[in-house]
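Same chain, two partners: chain A is paired with chain B first, then with chain C.
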Partner chain A sequence: MAEIIAEIIIDVEHLTKNYGANPVLKGVNLKIPQGAVVGLMGMNGSGKSTLIKCLLGLLHGDGGRATVLGCDSQNLSPAAKGRLGYVPQVVYLYAWMKVRHVIAYTASFYPNWDHAWTSELAARWRVPLDARVQTLSTGQLQTVAIVLALGHRPEVLVLDEPVASLDPVARRDFLKSLLEMTGQGSRTALFSTHISSDLERVATHVAILSDGRIAYFSELDELKDRVKRLRLRRSAAFPADFAVPGSLRTKVEGSSALAAVAHVTPELLDELRQRWQADVRVEDLNLEEIFVELNSHD
Partner chain B sequence: MINRIGWIVVSYATRPLVLALTGLGILFLLLGMIPMPIRPNEWAIYPSAPQARLMVDLKATLDAVRKSGRQQEVDGIDLSRLWTDLAPRKIDPEGRPSIGPPDEAFYKILDEFPNLRSVRYSYFGEPTGLDRIVSLAQLETLSLDGFGFFDLARLRSLQNLRRLEIGLFEIQKSVNGVLQPLPKLEGLDALASLPKLDTLVLRTRSVVNDAVLTEVGSLPHLSMLVLDLADSPHTPLSTTEAGFDALARAPELQTLYVGGRFPEDYTQLAFLAKASAPRLWIFSSRHDSTKSIPFTFLMPCFWFAMAIGGQLASQFLGSGSRLIPGFASSHALVGVVLSAGVIVFGADRLMTIGVSGPVAIAASAAQVTSIIAIGAASALTRTFRPRGIQRLTWMIPVVFVCVLASFVFPAWDPLASALHSPIAAVAYALVACGATVLAVWTLAHRAEWFSDSSSLERRNPMRYEWLGMGGGSRWMFFTNRRERHIEAGLSTTPNLNWWQRVGRWRLGNPSLEILPLALVILVPIGAAALTMLAMARQSGASRPISLFPMLSFMPFMMLLGHVGATWRARLLVLPLEFLRPCSRQAMQRELAAAFALDLLPLAILFAILATLGFHLNTSINLPWRWVPLSFLYFLALGCSGILAVGALVVVVRRLWVSIVLLFVFVLANMLGGAGLVLFERGAPDLFPGFMPTALIFASFCLPILFGAIFCWVLWRRWLRIEIGRRV
Partner chain C sequence: MTDASLEFEIQPSSGVPIYRQIMDQVRALAASQRLRSDELLPSIRQLAADLEVNMMTVSKAYARLEAEGVLERVRGTGMRVRATKAAGTAAERQKELQPLAEAMVTRALQLNLSEKQILSIVRTVLLERQAWLK
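This part shows the complex of A and B:
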């Protein structure tokens, strides 16, 4: 059976971006195929928002290239923009307008705006249509921004911490809608978040940004399969400089040791058992634990 | 407490915006101290004679008129200059070239021009040719210069004469071997028979004495008297209160210009005139550059107050002002002390130019507090709509119409006097301070009110309503019109043309929040402006009319700043708007056009105000037929300058950088335009004949050119702007 090669929707090659003398992106490479829902994770200040803005042409990269839907990010065509939806991290809207006016105003720019869908979303998320934007809470603002981003049923959704200010109910509703939209595999999403449980619910892929580069990018299940915690126990104490080969971090306490390993193989387990005469147990990690291990500097 | 205040002072001293504004204030202060390349009291600032439509003053002009057969159109002639151009050159016994007095034959030239209304005439001893001049019954303006005795009774036949200027040379000089007597005016009482004579200008020091003023006081139709003792040696004036007592009895006299080459001329004459004739408008006839109000007072205080107001607004906007113990009181204390310092500084500057203490303090306080109110108001524009003050909006045009009326119709003396009196100045200052207190008080409470605006209505509906956030009526009807447009029009018009798309971008701005802003800004600004009028009247530094552009400047700049700030705030929404389905280039072009359209009314307003101020300024006295041309010029100037200034605020992200650039822009215009004019005035001989005109033309075009260059540079920057960077 011939392999189906998915179209690359977001393609980033060697992207660099500096703020003055401070390099934020140091050569990012990322290829997101059609239908992927990619969770972008990274420490505070790691450059998640900068990467997203560079992808959308909101910031100019200093080097490398980025394309979205086949268009150069710095010069997105109207057609490409018509297929994009974006929710910024901090939402600013027309403070003096009522919410329904903001929606109408935004809709006027899109030839394919789905008014019925927007109304449904607004009702589902209890958006106060007659309230003025300046009276909305941060969470309500974010909800409005999400409605605006989804109103034209975009093929590509780029969301910069879209649910950070939402309450748990609204967050679940949003994730549900996101799953509905991306479930058929034709829509692609890239969203940054610190809430790994959300990411685990909806993401098909995970990208971890660290030190200005994509430190890790793969399918979520693959990541979970590869990154494990090893719990070692032996009769004698481990030496103080004990370290599991290829581990992200090793912690020694007498005759016990904990190690997070990015790539666990049967060969590695056999070697540990034989060399250290240790009982080695392999534990699964959730995404949050993986993220902590990958970014731990201990 | 001391430690806390020290850190607050550090917060002022380390903020680039505050440093930039303070630096600009100091720079303007230093500029005011630079000696100008003009002598003090060199410029006459009393209303000049109406300009002739076609003036013959040179041989070249005369030849051109004769060649084209336009003698009928000539309505002005300068016999003095014309004779200098036409006279045969002689060599005097000492070997120097000289020009003799014109003979009777020269004055036959007057017969060529049947419609003369203005004549400048010089005589040398015997006033030859005068018979021909006094036969010009239609003559309206006569300017006399000359040596020696002259009997004014000979002018009795000039029944249409409106303006008479007399400048007699105060030196005894031998003319054709005959020693001329010192000048004296005789027959002045005969002028009483001239029914239209309303303006008399005396430029001779030695003829201004009590006897002459007494005779002037008897002229029944005289409404303006100018004592401009400019070209005279500095000899003591013999005038006493008696002379001005006589002037006070002049039935129609309203306006008196006094002064001369020396500042003490104004001081002495104005003192006597104010004591004897308080009902008269008394102004300086000469511009005293040492009393340059903009540099010594307005501009430094303006920038200092901006720095304080900006810092206060930014500090009070944060939640720290409500949550940190002692924060608000300490900041308020530092703000009050600094403001008081600026007020005292400004008042001191004013008193040095002759303004009395109460008016100086009132004017200074009004200036400083109104600027601080602007700083506070800038933080309140989106939410500050107390209804009671809204109604005061309608007072603004009323106040400005009154002020304007007092410019245009000085005959409305009671109104003008009331508007410009010291008591009114103090009252205006109180209004300004009150508005400031209200604005700052509201600002100080804003952090609490808006810390959780979503639940505000539930917690305190009355306060919510008072702030104008409930119901439908609190929004200005303009805004409602925009909302209706969004509801009715946008969703049903899928294919928009370019203008419609530009209009759609404009709909994203609440540009007509200008009215609530005007409440907080224009009331104190208007009050401040009126105190300036009182101040100007007291100091004699400027006639009120010359303050008109300056008075227009402040509210105008505030409106401009508001539009700029609105668009600057729009930058926050741009990351979302940028992803709407249109190309980056199209969006940038359409947004720039929308921005320009928002500024166009301001450019038109600027052109109207500037044209009005230009033509109302009787020192310039241009014919009214020049109005369309000057309007077009000011419109071009406004379009380029306003667009440049507005774009600076929007495109340059760091506010302090845009302010410094703004200063560079204004300074470049000042140095470029005014510098060229001064250069041309000071050294006309350095240039060939065509150059001065070219320079003047260039000096007028330079500001437009600078504006255009700034616009181009900012446009290039706008094309490269990173929309995703935070403002």
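This part shows the complex of A and C:
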């Protein structure tokens, strides 16, 4: 599956966006191939929502360009919109409507709406169909938004913090549905999240937004295979300015050193062992640790 | 869950990529004969659903194990553990190991390891494996 050269579904080139004098996106480049499930990570205020909104044409970028399904984001055709599903971070629905009517109303815009599937999803997530929107909790609103976004079985799913307000059970159910939908390898998903453990199950790729740019974009497995923490120990003290070549940071304490390295190679390990006569231990990092290492600048 | 899926335990938040966790566990299951060579592994779809991970992750693990010769594809039905070929005389079987030993010794000498250190590693691995098989 992964070997097939896939079509680029989401294509962002040099995208910039300023809020007044404040640049948020400083030239984002991102090419998402068909079938990828991309977790978009970034610190608060890094521009994840802004990027997502620019992709969907809900915000206009100041420079560069973005296309989804080959269609310019600033001018998405109804056909392209019909192939997209979007869960916003903040859900706005008519407060006075009953949930089942909101679903029926949304369905009426889509010729290919799958009523059986939405009923199944609603049951799975215990969506209170006869409650009015204004009585729903934040988490319930989010599940309604997810049902609305998935109902036409979109080819491209864009989700902005889809699970932030969900309880652990609902979150797990959501991830299962996402896996079911993307499992065939034809659907593409981009979702932003703070919860890296969710991402580790479902994502094929990770994109890290930092300082207005995509600092890292690769397959999740590849990221885990190459970002490592090295623990070095030798008989004599390391020089105070010792740094592992290419490391994100190195901490020295006498004869011990700790370094996070973005790209570990056997050659690097050999060099360290020989040049410093050091014992080098390689530690695996999970996604949360990788994210912290890639974002710490000290 | 199928029976074989129950044998797997995946920790998504480990630093070890999930596909490698699956590979390690298939190897261990095969080595310990808990998965026999006539048994089919769960399909990619099944195992992905059971473990609640992406299908591509399972697909990658199976493909690499196939390339390594641990698994073999049975046309139309799925994947199974490749029967270990233990045929031939002891001398022939030793000869099959020779290239691996050469590669290991080359690397060991690059690492400045002594004869004693090299042999001790082989012994450790062997003992670990034998403990598995018990």
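As a convention for this text, the second predicted complex is superposed on the first by the 294 of 298 C-alpha atoms of A that agree within 3 Å, B and C clash if a C-alpha of one lies under 4 Å from a C-alpha of the other, contacts with A are read in each partner's own complex, and residues count from 1 in each chain.
In this text, a contact is a pair of C-beta atoms (placed from the backbone, for glycine too) under 8 Å apart; a residue touches a chain by one contact, two chains touch by 3 or more.
A quick note: this is a predicted structure, and the numbers were derived from the prediction, not measured.
Once chain A is used to superpose the two complexes, chain B occupies space next to chain C without a clash.
When the shared chain is aligned, no partner comes close enough to touch A:A240: not chain B, not chain C. With both structures placed on the common chain, the touch criterion links A:L84 to chain B but leaves chain C unconnected. Once the two complexes are laid over each other on the shared chain, residue contacts for A:A116 go to neither chain B nor chain C.
Centres of mass aside, this uses C-alpha centres: at chain A, the angle toward chain B and chain C in the superposed model is 160 degrees, to the nearest 10. Legend: residue contacts after superposition of the two complexes on their common chain; A:N286 is shown touching chain C, with no touch to chain B.
Measured by the number of chain A residues touched, the leading partner among chain B and chain C is B. The gap separating chain B from chain C in the superposed three-chain model is 27 Å, by closest C-alpha atoms. On chain A, the surface touched by chain B in one complex and the surface touched by chain C in the other have no residue in common.
By the touch rule above, chain A contacts chain C in their complex via residues 1-2, 35, 37, 172, 175-176, 179-180, 182-185, 196-197, 200-204, 220-221, 224-225, 270, 273, 283-289. On the chain B side of its complex with chain A, the touching residues are 382-383, 452-457, 469, 479, 483, 486-487, 490-491, 493-494, 504, 507-508, 510, 513, 572-573, 575-576, 578-584, 586, 720, 722-725. Residues of chain A that touch chain B in their complex: 53, 56-60, 74-79, 81-82, 84-86, 88, 91-98, 101, 104-111, 115, 132, 134-137, 140, 145, 148. Those residues of chain C whose C-beta lies close enough to touch chain A in the complex are 12-20, 45, 48-49, 52-57, 59-60, 110-111.
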